[in-house]
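Once you scroll down, you'll see the structures, which are given as structure tokens.
After this come two complexes, each holding chain A, first together with chain B and then together with chain C.
So, the complex of A and B:
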């Protein structure tokens, strides 16, 4: 299926998604909320890769491989992050990152 | 015309879902919105004629990551007052995000608009598989990725298991 898209519009959409994710990663206090924001930033990078592959990459399939490996890394990242959240919850009975201040000077 | 309508609908759904993920107070509702964002991103990838990646996006983000997030929320009991606490440093986060958006949007608008290459959509899944598993292609990367996932799995089990200490 061949659809025509505007390059700048898709990239701007990915930029918007990345920046909203950045806001969430900085402003959220729940560790799970921060991880969800990181996932959105990773999805913005996915959109970017696919768009650039559609428009500029030397081989059309290159962006597919990059995206698949990005998904692997992102899945490993969120799996470890959520495991850390559960470990944190076991230890301090909260998943809010601002309440974990035992190492604060 | 149909392209424009589909793109505007997808874009609006994406931005609405993304704002909901970061602003909704209840983490469980945010997780549902994250599922919506994942589905819309899959639609956008399909729109860019990468059908196989769109299916992978659905499987990995909606199927695996979404379920993982929801199960973690259910395993960590939340304090009900967490939903009412104000975000103390959200103005700093807002300023950082707006600055980054301004800088990136400026550079995107200033850069030349590209047109899609002819024949860019004529990529087949057979080519993808052949290149992924050929030693002159991405086979090494594939093996490293599987190793990474195994290590992540073991580490996740190690961190979350009950300890006596």
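So, the complex of A and C:
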């Protein structure tokens, strides 16, 4: 069965995913939730990249390389973010970002 | 006989030994004073006997000198010269000094600073002995100045009281004024003959220029007038009575006042070059003699009577020097030294016994203290010039010399002075020893008072008629008074004494005179205005000048300094205001502005992560909108 992929549908999915992630990043209070939302936004970008590589670029393999690269960076980013969260918890026994405002002017 | 040079050294060593000891030790060692002066007296008398009756005035027995310092090619010599004049003086000074020292053992025994008193007395005696033994004007001047210091210390011995303090300063300043004359004379002498050695000076004196001779003569007269209390520098002596009585005795007899006469006698070959100088000495002397005797008549304080009598007797010696008669002057100096120190010491005993110095509060003492009265009487008769006491012979020797020098006016004035002397002596003697006794507790003197005064009384008795033998060895001869001379002087003395008796018996005292002639009595009370003269001419203008300088200092110099300070303070006040309002204001305004602005802007910094996220998202959206707007506008164009 030839699976047909609709370009517009995929782009719309990526947009939806990005918007959900952006909302989550802005609305969540938990540091972990914010991290997850950031990952969602990152995934939306990855989907966009794959889709545009499949339908627009003359060399589809280029987008594959970038995607793998992007996934590695995301993994590192998540590791860093979690480490920061743990450090924050150890310092102030909370992972709620609203509780921490030491840099208030 | 070189040990004669050590006569001044014994008391000087005593001074050095005592001066540096603590007070307690000095007070224990007061016996050192009489012992050391006694040694000096023994040595001096032995020297006298050794040379008696040889020697000549012009040829010193002994000379000795060593160089103290060198100025270029000239040596500054310190030298001693002992001739007949010096040895007579040495013997007199050390014997009188010894009597005063012994007497002081009694008189000062209860004073807590008696050690210091004996110490200064030793230095005083040493200085006088050095002065008479010196063969050099430099050493003489040093001893002269030393005596000034010692008299200052002795007169002001009870320095916690106002009167001795004033008197000591007065004596020091007045004699210092005289010392200036000595100093100028030293300079002129050095200019004239290039040496301070007495032998050189006296040898070359005839060849000096007349101006130098007159300058030296007048300056030396001035200096001697200061030390020997002659007019116009006599003002210090009556006040010098504020010191302890034995100190007065030594100042008045042996040391201080004798120094002036002695130096003039030493320098006589120089003075004799100028008739002018001798005339000044003669007239100053005889006027001072009358002045002192006249004022002595009206004194009521026993020590002041003796003080004015000293001035008067010294005036007689000055006058004798003024006709060039050294021998008569020195003869009288020596007899006067003995009877005047005797009078002072006896007066000290009387003051000690009665507790007053006012003769009107004494009286009847002949019954209470017969021995002291007898001794005082010997001195008083000698002072009045009664045969055969020593004062009679020495005074007549001076009167004779007036006649020999053809000075009838001076001779007449001398007789007047003798009459006045007899008058005040008789008056004082009667008032003190006879009449009603005011002091019932007065008692005979102690042995320590009677021994020294008795010794002096013996000398007073003997020195007169033996003068030809002991003084004859002074190369020049003192004639015994001739019969007419003795008759005249005794007659004058009797007239004076009779007047004294008359005044005493008729109770004619100062109040009687004051009632008859208030102005005259006032003048006599004020010592014929000699003190007032200095007050007006020297002290007053001096204070005026210092007040002027003080006010100049206050207004001009202080004014400048104060003006500078005030203007500087104004300037700094202005600068402070400028700083506070200008510079601080600018800085503060800037700081306030910055703080205000930051208060406004810091509200953005909430510290919440999500707020920053929202800002970021908002900013991105705004950026996109701007981007699109720009693209659309571009597309439209």
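Observations on the model:
We take it that the second predicted complex is superposed on the first by the 103 of 105 C-alpha atoms of A that agree within 3 Å, B and C clash if a C-alpha of one lies under 4 Å from a C-alpha of the other, contacts with A are read in each partner's own complex, and residues count from 1 in each chain.
One rule holds in what follows: a contact is a pair of C-beta atoms (placed from the backbone, for glycine too) under 8 Å apart; a residue touches a chain by one contact, two chains touch by 3 or more.
What you see is a predicted model; the values in this text were computed from it and never measured.
Considered on the superposed chain A, chain B and chain C are sterically compatible, since they fit side by side.
In the superposed model, A:64 lies in contact with chain B only, and not with chain C. When chain B and chain C are set side by side, the one touching more residues of chain A is B. In the superposition on chain A, contact of A:17 is made with chain B only, not with chain C.
Contacts of A:26 after superposition: both chain B and chain C are touched. Legend: residue contacts after superposition of the two complexes on their common chain; A:104 is shown touching chain C, with no touch to chain B. When the two complexes are laid on top of each other via chain A, the two nearest Cα atoms from chain B and chain C are 7 angstrom apart.
Overlaid on A, the two complexes show chain B and chain C touching the same residues of chain A, namely 22, 26, 29. Contacts from chain A toward chain B in the complex involve residues 1-13, 15-24, 26-30, 32-33, 35-37, 39-40, 43, 46-47, 50-51, 53-56, 60-61, 63-65, 67-69, 71-76, 78-80, 82-87, 89-90, 94-96. Listed in rising order, the residues of chain C touching chain A in the complex are 601-610, 613-614, 617. Partner chain A is touched in their complex by these residues of chain B: 3, 6-7, 11, 14-15, 18-19, 21-22, 27, 30-31, 34, 37-38, 41, 44-45, 47-53, 56-57, 60-61, 64-65, 68-69, 72-73, 75-76, 78-79, 82, 85, 87, 89-90, 92-94, 96-98, 100-101, 104-105, 108-109, 111, 113-117, 119-123, 127-128, 131-132, 138, 141, 145, 148-149, 151-153, 155-157, 159-160, 162. Those residues of chain A that touch chain C in the shared complex are 22, 25-26, 29, 34, 97-98, 100-105.
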